[in-house]
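In the two complexes below, subunit A is the common chain; its partner is subunit B in one and subunit C in the other.
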Partner chain A sequence: MNDMIICRCEGVFLSEILGAIEDGADSVPGVKKRVRVGMGYCQGRVCQPIVRDILGGRVGTGKNPVLQRAQPPVRPVRLGEIVR
Partner chain B sequence: MNDKVIVVGAGLIGTSTAYYLAKSGAHVTLIDAKDIASGTSGACDRAIMIQSKKPGPTLDLAIKSAEIYQDLEKELEVHLEYRKSGGMIIIETAEEMKAMEGMVERQQKAGIDVKLISGEEARVREPALSKNIIGSTWWENDAEVNPLKVSFAFANAARRLGAKVRLGAPVTRLLTENNRVTGVEVRGEMLYADAVVVAMGVWTPMLLKPLGVDVPIIPRLGQILVSERLPPFLHTGILSAAYIASKLNGDPDDETADPYGVGLAIGQTHSGSLLIGGSRQFVGYNNTETNPEVTRKIGETAVRTFPQLANVRIIRAFTGLRPYTPDGMPILGPVDGMDGIYIAAGHEGDGVALAPISGELMAQAVLGEEPEIDIQAFSMSRFKR
Partner chain C sequence: MKVDAVIIGAGPAGLTAAIEMIENGLSVAVIDEYYHPGGRLLGQHYEDPKAPPDERIWNGRKLADQLAEKARSLGVYIFTGVTAWSVSGKWAVALTGGEVNTVDSKVLLLATGSVEKALPIPGWTLPGAISIGAAQTFTNLHHVAVGKRMMIAGVDALSLSVMIEMKNAGINVVGMALPPLSPVTGGGYSPADTVASLTDVAGLAPNSFVRTFGKIALARFPRLIARAMRFNFLKMNGVPIHLRKSIVKIEGEQQVEAVMLQSVSVDGKPVGEMERVEVDAICLAAGLYPLVDLAETVGCPLIDIPELGGTVPLHGPDMSTQVNGLFVAGNITGIEGAKVAIAQGQLAAISILNSLGKSGSMTVNEAIKKVENAREKAPIHFLPEIGEGREKMNAIWEKEGIL
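Entry: the complex of A and B
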C-alpha cells in the first residue's frame, strides 16, 4: 500500500489529494472543497503546508499555491466562552 | 442542436446552467476566474428551505426546484448528501408569532402545507430546543444538500456530456458586435459563441457595466460559524423568525434595522459539524473579514435557542457574499435590447434551493425552447419600471 493519510482530522489520503489536483484544483481551498482536507478540528494547521508542497510540485505554475484563509477562532473554543 | 454557449461563473447557478445546456446538446464552455464553487457557493449553508421563500414567483420556482432535487443524485450519479430533513422556523415572541401566522397562511395559499406547531410539539421534533420557544412552523418537505458536491457534480456531469471547463480563467470583458454579444475575452484570448450566460453572482454587474447595463445586484455579507463534529444533534433545518424578518425586509437604506441582520439559521452537516448562521450586512465587496461582534451575536441567538450549544466548540467562522437584489428575486433571462447575452444571478440566500431550476430554465431560454415556467417575472426589465 503506497497511500498515506495527509489530513488526519478528516482522514484524507494522498491519492485523494492527487485526484483533486487532477480534477483541476490549483490551490489549498480548491483541494479542500473537493476532498475536505483541512476542514476538520485542526483547520489545516497540520496538513496545509504538506498540501501546499504537493500542489507546488504538481501544478508547476511557478507561483506559490493560494493558501486557506486563516479564520478565527485561533483554536477551538466553546460557544459559551464566546458569548460570555 | 449546434449552439455554442459560454457560461461565465462556475458556482451553483453556472454549473447547473452548463449541465442543462450540455444535456440539451449545446456545445458548452464553462469558465471561472478561479475554481468551481470558489465564491458564494463555497461559503454558504446547506438548506433547501422552501417554506422560507418569498410567496409568489420565487416560491413557485423553489417548489419546482425541490422536485428536481429529489432525483438529482440518481441523475448525476453522485452522492450529494441530499436529505429530506423537514424544516422549522422557530418563534420566540408573540410578535413573531403574529408575523409567522401571516406567512404560513400565504404559503398555504401558494400550495405548500406548512403547519404552525406549539412549543411542546417543536421540542418533540428537536429535543434540544429551549423551553422559551413558544412555537414553530413545520414542513416535512424542506431538505438539505451539500452545495459543494452539487456544484462539482453539475460541472463533472456537464464535462461527461462534452462541455469544456476552464478554471483559473478570468473573463475580462464581453465581446460585442452591433447589438450582439459574440463572446468573451479571457486574458487576451477571444472565445466566440452564439450566446453567453453570465452567472457570476455578486460579480455579475462588473462584466455588464461596460455595455451600459446596470445590474442591481449588491453584495450582502453573511457570516457562519462551524462547530466541531457532533453526534446527531439536529434532525431538521432550522431558521428563526428573526432570520425571516431579516431576509424579507432587506433594505440597504433602512438605518433602523439591526446593522448585522442577525437571525438564526442552523443545521448539521453530513460530517457532523453544525453550521450556525447567520448575518446579513451591506459592507461592499472587500470587507469580508469575519467580525467578532457578529460571531458573538450569532452565538447568543444560538445558545438562547439551544442552551446545550454553550458546551460545543467552534472551530471556524467564515463569510460569504450573497447577491442581493432590491426585490429579493433572482435575475433570469435575456437582456433587453441586446442579443446573445443572458443573466442568471442574484439569488441571495436562495441559490442552493433554486440552482437546479435556474439552470434548467436558462438552458431552455438560451436554446429558444418554451421555458417550463414563465420567467418574465425574473427579467432584468422589471427594474426599469
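Entry: the complex of A and C
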C-alpha cells in the first residue's frame, strides 16, 4: 500500500494511524491521543472524516466511531483575545 | 454591540434570514469569515434547465451582491473577514479579525454551511492538487485558471457542474475519473454506485446523458450501464467521463506532473494495466459535510444522518433546535443547493420572529412549503436521498426533539 499524509497540519501518515488502531484505538480521540491527528491548525476539519472512515473500515464494530468534540475556541485565535 | 439576532454565515441562508428579520422589526448582525458576503453563492455560475426562461442563468455572484446590498441598505450589520471563535451565554458571540470583539443577542442563527471532504489519494498533498470547491472559486470568482491541463477525481453533481464551468472559462479539462476505492476500507466509489447517483445529474447535460443511457435505464440498471461503460463513450461538453477508471496515484516531484489511471470492475476493483496521463493540476471531489462545530459547543445534540451528508444538529421542521434561542438554516442542516438554503433562511427567520412575539412575511407553514417547493425544483440534488434524510430528521425530532 502507498503511504501518504492524512493529517496535513501535524504531518501524520496513514501508516501511523493504522499503527494507532493496531495499538487499540477505536475512536477518533483514541487515534488523536496516540499520533496527534487533528491536533493542528484546522482541528480535524480536513482529516477527521478520513480518520473516521479508516476507523469504520478497520474496527468494524457496526457502530459509527466516536468523533472528537468541538470546543471553543473553534478557530485559531490569539491568547490576547481570549484573556481580554 | 447588542442586536436582537446574530447570524453566523453570510451565505444564501444567512443573508435571506437577515433581510426577513430586519424587515419585520429585528436588529440583525451577520458574521462571515470570508472577505466578501455570499458564501458558496460567489462561485456559482451555471444554467438551470428547469428554471423559468428568464431565470435560466444562475449567477451566484450577482445574487450574493444583491442580497448583501439589500441587507445593508435595510440596516443589517454585515461583518466580513471576521471569525466567530466562541459562542456562550444567551448569546455572546466572540469575534476575531475585526474591530468589534463581541456581539450580544437574544437569538442565534447558525448558517455556517458545509466543508469539503478531503480525498486522500497518494500524492494529494502536492501543489497542483486542489479541492473542487476551490477550483470553482478560482474559476468563477477570481477568474484564475488552476491549471493548463487538468483532470478531476470524483464524478458527482458538484464536480460535473464545476467541470462545465471550467470548460466555459476555456480551461483544458482532459478528463474525469473515479477516485480509487479506499486503500483502507475498500469502500467508496464503484462505477455501479456512481452511475446510480448520476440519474439526477442528467439534468446538467440532458442531451449527452439521455442519448447515452436513456432516462429510465439510468435509474434502473446502473450495473448494466456501468458494465457497458468500459467502452467509455460518455462525453460531456467534450470531456471524457471515465466511469470505469479510477485515479489511483498523483505523481510529481515538486508539483503535480501526472496521474495514474487504472481500469476498474463494476464494483471498483482494479483490473488491467495502469495508464499515465500528464496533467499539471488535479481537482479532488469527495463531497461536502455540514459544519456543525459551533452548534456542538453550545450543547445542541448532533445526529448522524448519511442521507443529509453527515452529522447535523437535531432540529425541527421550523429550523428550531432543542437549545432555547438557537436556530439553524442552510447546509448545516444537510447538503443542498442555494435555492433550498434561501428558503430555509427565510423559514428560520420567520420562526425566530414568532419566538420573539412578532410575525414575518408569511406563516411558518407557508415557509415550510416554500422549502419543500425549492427542493422539488432544484436543478441538481447533491445527495440523491435528501428527502429521506429530511424525513428521518423530522421523525427523530418528533420523538426526542420537543422538550
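Quick notes
We take it that the second predicted complex is superposed on the first by the 83 of 84 C-alpha atoms of A that agree within 3 Å, B and C clash if a C-alpha of one lies under 4 Å from a C-alpha of the other, contacts with A are read in each partner's own complex, and residues count from 1 in each chain.
Assume a contact is a pair of C-beta atoms (placed from the backbone, for glycine too) under 8 Å apart; a residue touches a chain by one contact, two chains touch by 3 or more.
Note that the structure is a prediction, hence the values are computed from the model and not measured.
Upon superposition of the two complexes on subunit A, no clash is found between subunit B and subunit C, which fit side by side. Judged by the touch definition given at the top, the superposed model places A:Ile54 against subunit C, while subunit B stays out of reach. Once the two complexes are overlaid on the shared chain, A:Pro72 sits against subunit B and subunit C alike. Contact with neither subunit B nor subunit C is seen for A:Val28 once the two complexes are overlaid on the shared chain. Between subunit B and subunit C, more residues of subunit A are touched by C.
Once the two complexes are overlaid on the shared chain, A:Val37 sits clear of subunit B and of subunit C alike. Vertex at the C-alpha centre of subunit A, arms toward the centres of subunit B and subunit C: the angle is 140 degrees, rounded to a multiple of 10. In the superposition on chain A, A:Val46 makes contact with subunit C only, while subunit B stays out of contact range.
Applying the stated contact rule after C-alpha superposition, one finds that A:Val12 touches neither subunit B nor subunit C. With both structures placed on the common chain, the touch criterion links A:Asn64 to subunit C but leaves subunit B unconnected. Remark: least CA distance from subunit B to subunit C after fitting both complexes onto chain A is 7 Å.
Comparing which residues of subunit A touch subunit B with which touch subunit C, the overlap comprises 69, 71-73, 76-78.
Across the complex, subunit C meets subunit A through its residues 33, 83-88, 94, 96, 101, 115, 117-118, 120-125, 182-187, 249, 289, 292-294, 296-297, 304, 310-311.
Contact residues of subunit B toward subunit A in the complex are 34-38, 42, 148, 152, 156, 165, 167-168, 225, 227-229, 271, 290, 292, 295-296, 299-300, 302-303, 309-318.
On the side of subunit A, the complex with subunit B involves touching residues 10, 23-27, 29-30, 33-34, 36, 39-41, 43, 69, 71-73, 76-80, 82-83.
Within the complex formed with subunit C, the residues of subunit A that make contact are 1-6, 8, 14, 18, 45-47, 49-50, 53-54, 56-58, 64, 67, 69-78, 81, 84.
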